[in-house]
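So, here's a batch of structures to check.
One chain, subunit A, links the two complexes that follow: it is found with subunit B in the first and with subunit C in the second.
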Partner chain A sequence: MKPETTFVKHDASFEKGTAPTRAAVPSPKRRGAAARRALTPYLFVLPALVYMAGLLAYPMVLNVLTSFKDVTAVNLLSGDGQWVGLENYRQALGDSQFVDAAVHSVVYALAAVALQLLIGLALALFYVRSFPGATATRSLYLIGYAIPIVVSAEVFRWLLDGRTGFVNWVFSLLGLQHEPVYWLADRTWALPAIIGIQVWLGIPFAMVTLLAGLTAIPHSLHEAAQIDGATGWRRFRHITVPLLRPTFLAAAILSLIFTFKNFDLIWIATQGGPANASEVLPTLAYKLVFLQFLFGKGAAVLNVIFLVLLVLSLLYLAALRREEDHAA
Partner chain B sequence: MNWTCRAVAAIAALSALTACGSGGSGGDTTKQDQGGSDKVTITWWDYFGYSPQSDAAVNALIKKYEDSHPGVDIQRTAIGFADFRTKLLQAAATGKFPDIAAIDNSDVPVFASQGALADLTSKMSTWASKDKYLDFVIKSVQYDNKFYGVPFRSNTTALWYNKDLFKAAGLSTPPQNWDELRADAKKLTDSKHSGICFSAAPTEEGTFTFLPMIWQAGGDVPTLGDQASVDALTYVDALVNKDKSAPKSVLQWGQSDVGDQFGSGLCAMMFNGPWVLGSVEKGKFEWDVSPWPAGKGGTASPLGGEVWAVGKNANVDAVWKLTDWLADPANSRTEISEGLSSIPNRKDTLDDPAWLWHPMVKAFAQQMPSARPRGAYGPKYAQISEVVWTMEQQVLSGAKSPQDAAAEAKGKIQPLLGSS
Partner chain C sequence: MPPSSRTVRRSARWSTVVGIGLVAVYLFPIYWMVTASVKTQPAIRAVPPQIVPIDIDLSSWVDRVFGDPRVLRYIFNSFVVATGTMLLTLALAAPAAYALAKLRLRGKSLLMTLSLSSLMFPAIMLATPLFVIFGRLGLTDSYIGLILADTTLALPYAIVLLRPTFARIPKEFSEAARIDGCSEFGAFLRVIVPLARPGLATVAVLAFLWGWGDLVFALTLATEDSMRPVTTGLWGFFGANTSDWGGAMAFSTLAMLPPLIVFLWSQRLVVAGVTAGGIK
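Our next item is the complex of A and B:
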């Protein structure tokens, strides 16, 4: 939006400067020039529009269309995937596998994001003070963030192994465990274990974002409150919390989006198993489309994911706007 | 991958709108070369680029053929294994199936039922080499009583065992039947070692490993739900949950994970194919391979490997000459056997010492005649595979009893069988 307004302004000043000579009678030539000028901003936006239409809108529309057809490997060639209306959705929503995956997705995203924000906030509050080694140790957290998910997921597979895993070794050393737990191969523990890994993956992002938010709170506010006799808790409650809220909200929504659509971690760690205990919507969609070639049903699941992400993105935009309004 | 990326990738696969697949196109296979004489171009797709050794073997075959057939130009496209099927489906959907492609033998019905492949029945029925191949190998290139492929290379799975651990446990020979396997596995299990390891992952790798146990129990996919399938489920359940001879991790292990575990000496036995040889040879212990222990229904193993699929727009005569040439061991033995780590699949090569590119080949060759093709279950094999692995996972994770899991699978499998 901003670039457009600049263009208009620029155009207006140009107009003013040249107006006396050209404004009298709008000759055809002049009208052409005006039209061209009116068109110019749109031409500048055109490449972006073409890009969005080709790479975003087209596949999205196609995905929606596919989700209304019975497209499988068998009829992909003939193109006579029958129009089945909402049948794919009805099938998907009535399928216990889909319902389970949807529940797992929601539990996984909410639990992981809540935990990583809580721990991220605690760490941010800790690191906002300056103490020797603060910067150095703080940047260490980013290493975890920089490691590709494929690598961390593999590492966690080893750490959580039932027989040779480090986690079990620690637990048994502490006397907390008598029977080895096969974290990722256990029906009860697979999803919690995945949530645990996701929390580890998400903490650096939460911490860095919240730390930036905390640093932006003017120090003078805290000082003034301190002079007025406000205790640490009251300062946190009445200065930090309200001023950090926009950042917190943004971090929460962004993390929710990242987590809800996460595929690599779960696919590498458990592939949705055992017996679908850690199946989430993205892994289910992948299995439907790429392993079973049920393109229509897979597209329906993808569209459900898309809808959730769309709502979350709109929430994020709304939060951003409100923040901007506050700032203005 | 972020959402848009994945969406775009997924959609591209759905709609076949990308132009990623370069080069390969069927259709017009003849082009004029500069000399004015006709030169036949054959487009060739495979996924053997996974290792330098296999890649070189395929290139050597192509070069040999081109050198001895100056009128032929083969244009090879090596595609990553993970993308191969998707790319082929895309190519099939847009009528650009390559002239020949080395496809997994279980995929023949998928492509044949789509009408993407050339019907080779007239060529195959009079082919002199046809009867040299093992019956199941020939069956794997058939769909609807017609031939849609030419045998290429095969492999299968068998029982690998760690001789050092066997000696330590006082065992001298590998188990010959299910009872011995269970007893030996129990004996070989201690706090550090698992008696037996195998893949029971929620993917085709899990199904590939469990199907032979259903067959060995005397069952089959169309009759899932019967006593034999319950027996097979009860048996693996006993290995994992009762005896704890196999770690529960099998639920998330693919075949290469199992190979790594065996190679690092943590598993005394495993069910796996020759493709994990690399991981096993890293181990510092003596090992050997033996055929699968027999169940009530005898021994059985899954047929792995690729067959040649010919695109329906291809110049069938030119391609047939090529596949016929490739099938002759005199032309391709070294490349197919050692180069692609294959197991002999012809009656005349099973006992051929020249095929013993590694001592372990002997046991696999012994297993080979009982290797069954999965393509026999029709074009919906991918969905059938899901039913099988889900059934096994439900039992091993304790979600369902063998009876309940088999009964549920029975209900799901019936509509998936058949030819459409």
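Our next item is the complex of A and C:
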């Protein structure tokens, strides 16, 4: 934030300094050139602005409008559905399906993010120390981030399969389980299994972000504390924890946003099944819109998702601002 | 008392062993997928599982993956869409982020707010309205439609990431180019863009990965089989009821390879992008 303000101020004083000479020679040709110069910056942002207005802002407005209309497959493309006020919201929110999906979404996002932050932090604390191969091994975790979620979900579908799945074999070897469990086809285990896969998907982001936060803590602080006789735990408690907090908070909120809106994993792993046992809001909205063609009701669910994400984003922006204030 | 250098060295060696062990456990699912794709059918079903394949059998690849001409089509489609998403994201984001960082214009905060708030837009929320809009414009089942849709995921992030990249470049560079007779845009293209290469490369890699991995827009905007990318292609072949895990793992390996190669080739850029808050 800081450098930009100084930049603008500096520029303004420069303008002021040259203004009189410009006024002294008022040639229309020059004024045209000046106008063109003033216009140029807008041409730089115009394509992105047009794109975002057309493909991000307008669709959002369309969604909100649709949620107040009775839109079906018949009048979808023409766009002339009847206004029905809050009827879609009443129907969507009053549905037990919606309540179940909302509960699943919250449980899934909170549990997965808590676990992936915990594991990510442990891994970051391990890999932040310098040992031969630390840098090479730690960035390999990002393979889990780089490959498509569809691929990871497909592999886990097999790992968690009841007949030939690797997980069942490990659990029975450890004596934790005597009968095969069809993890993703089991009403009790489908959601916990999805949470487990999500933790795997989220670990790279949590770990790499927290590693960057840990690396930014000046080494001299730890050394000074060590000379003063502080033990490892006390150094962690009084140096690492407070200085890592902003990064941790940002990573937590971004992970929550990402997890809450994740559709790909659930769709490939269970499609919300069995019998809605792992239905979350994004899969419910998809089914309402693209399988049942209840566009208004689907839009209502999507706007609820949007509201949750909006609150999370505002929290993220507030956290970012706090971090910047601390840095300044 | 400070630990002797020998104990330090020994503990460092143990750390290396544990560090490799942990990453091996983490990446086991990937290993399991790749090895399954070259196992025989009985080996895939074997209990206890065959950790290291004994007989190499390429029939999953030959019969299920390359035996079907549609698979190559899916791969080709994914390449077109991911590359297009990458190029469109760069073309839109770079000038906008540069103007936000360095040029005098009104409404900067509006564009920044728009970018920051669209970071959180789920693809699923845009899918319905885009389906309607593209339906009217005749852009469903087209590369352009998929590229336009996938860029919605990458563009806001690209602007947010590139703005500080451009802000760090001293303005003397563009001023010198202007004095040499370049236009503002000419100075940007010839002088600034080369200086911002690391940031632009990070955005390019992430946009490619996201374009390659997209499922939602592929599912909703490309219903015709010939327009499907690998993500929906994989799902169409080995959907909810499959028990052909050899074929599924071979196809998954194929769908994973391009992003994996891109990642291994540009690890540092991906780390930089993720650290800056880049999350799908």
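One rule holds in what follows: the second predicted complex is superposed on the first by the 275 of 328 C-alpha atoms of A that agree within 3 Å, B and C clash if a C-alpha of one lies under 4 Å from a C-alpha of the other, contacts with A are read in each partner's own complex, and residues count from 1 in each chain.
What we mean here is this: a contact is a pair of C-beta atoms (placed from the backbone, for glycine too) under 8 Å apart; a residue touches a chain by one contact, two chains touch by 3 or more.
If you're wondering where the values come from, they're calculated on a predicted model, not measured in any experiment.
Steric overlap between subunit B and subunit C is present once the structures are superposed on subunit A. With both structures placed on the common chain, the touch criterion links A:274 to subunit B but leaves subunit C unconnected. After overlaying the two complexes on the shared chain, residue contacts for A:103 are found with neither subunit B nor subunit C.
By the touch criterion stated above, A:186 is placed in contact with subunit B alone, subunit C being left untouched. In the superposition on chain A, A:42 contacts subunit C only, with no contact to subunit B.
Of the two partner chains, neither subunit B nor subunit C is touched by A:118. In the superposition on chain A, A:241 makes contact with neither subunit B nor subunit C. In the superposition on chain A, contact of A:86 is made with neither subunit B nor subunit C. More residues of subunit A are in touch with C than with the other of subunit B and subunit C.
In the superposed pair of complexes, A:141 makes contact with subunit C only, with no contact to subunit B. Shared-chain residue A:287: touches subunit B; no touch with subunit C. Of 23-31, 77-85 or 239-247, the subunit B stretch that intrudes into subunit C once chain A is superposed is 77-85 (criterion: clashing C-alpha atoms). Annotation: subunit A residues 55-56, 58-60, 62-63, 66, 76-77, 79, 157, 161, 163-164, 257, 261, 263-264, 271, 282, 285, 289-290, 295, 298-299, 302, 306, 309 touch subunit B in one complex and subunit C in the other.
Of all the residues in subunit A, the ones that touch subunit B in their complex are 55-56, 58-60, 62-63, 66, 71, 73-79, 157, 161-164, 182, 184-187, 257, 261, 263-264, 269-277, 282, 285, 287, 289-295, 298-299, 302, 306, 309. Against subunit A, the residues of subunit B that register as touching in their complex are 1-4, 6-8, 10-17, 86, 89, 92-93, 95, 110, 113-116, 194, 201-204, 247-252, 266, 379-380, 382-383, 385-386, 390, 393-394, 396-400, 420. Only residues 3-4, 7-8, 11, 37-38, 40-45, 47-49, 51-52, 55-60, 62-63, 66, 76-77, 79, 123, 126-127, 129-134, 137-152, 154-159, 161, 163-164, 166, 169, 173, 200, 203-205, 208-209, 212, 250, 254-255, 257-258, 261, 263-264, 267-268, 271, 282, 285-286, 289-290, 295, 298-299, 302, 305-306, 309-310, 312-313, 317 of subunit A touch subunit C when the two sit together in their complex.
Residues 12-13, 15-16, 18-20, 22-23, 26-27, 29-30, 32-33, 36, 44-45, 47-49, 91-93, 95-96, 98-101, 103-105, 111, 114-133, 135-136, 148-149, 151-152, 155-156, 159, 167, 183-185, 188, 209, 212-213, 215-216, 219-220, 230-231, 234-235, 238, 240, 243, 245, 248-249, 252, 255-256, 259-260, 262-263, 267-268, 270-271, 274-275, 277, 279-280 of subunit C are the ones that touch subunit A when the two sit in their complex.
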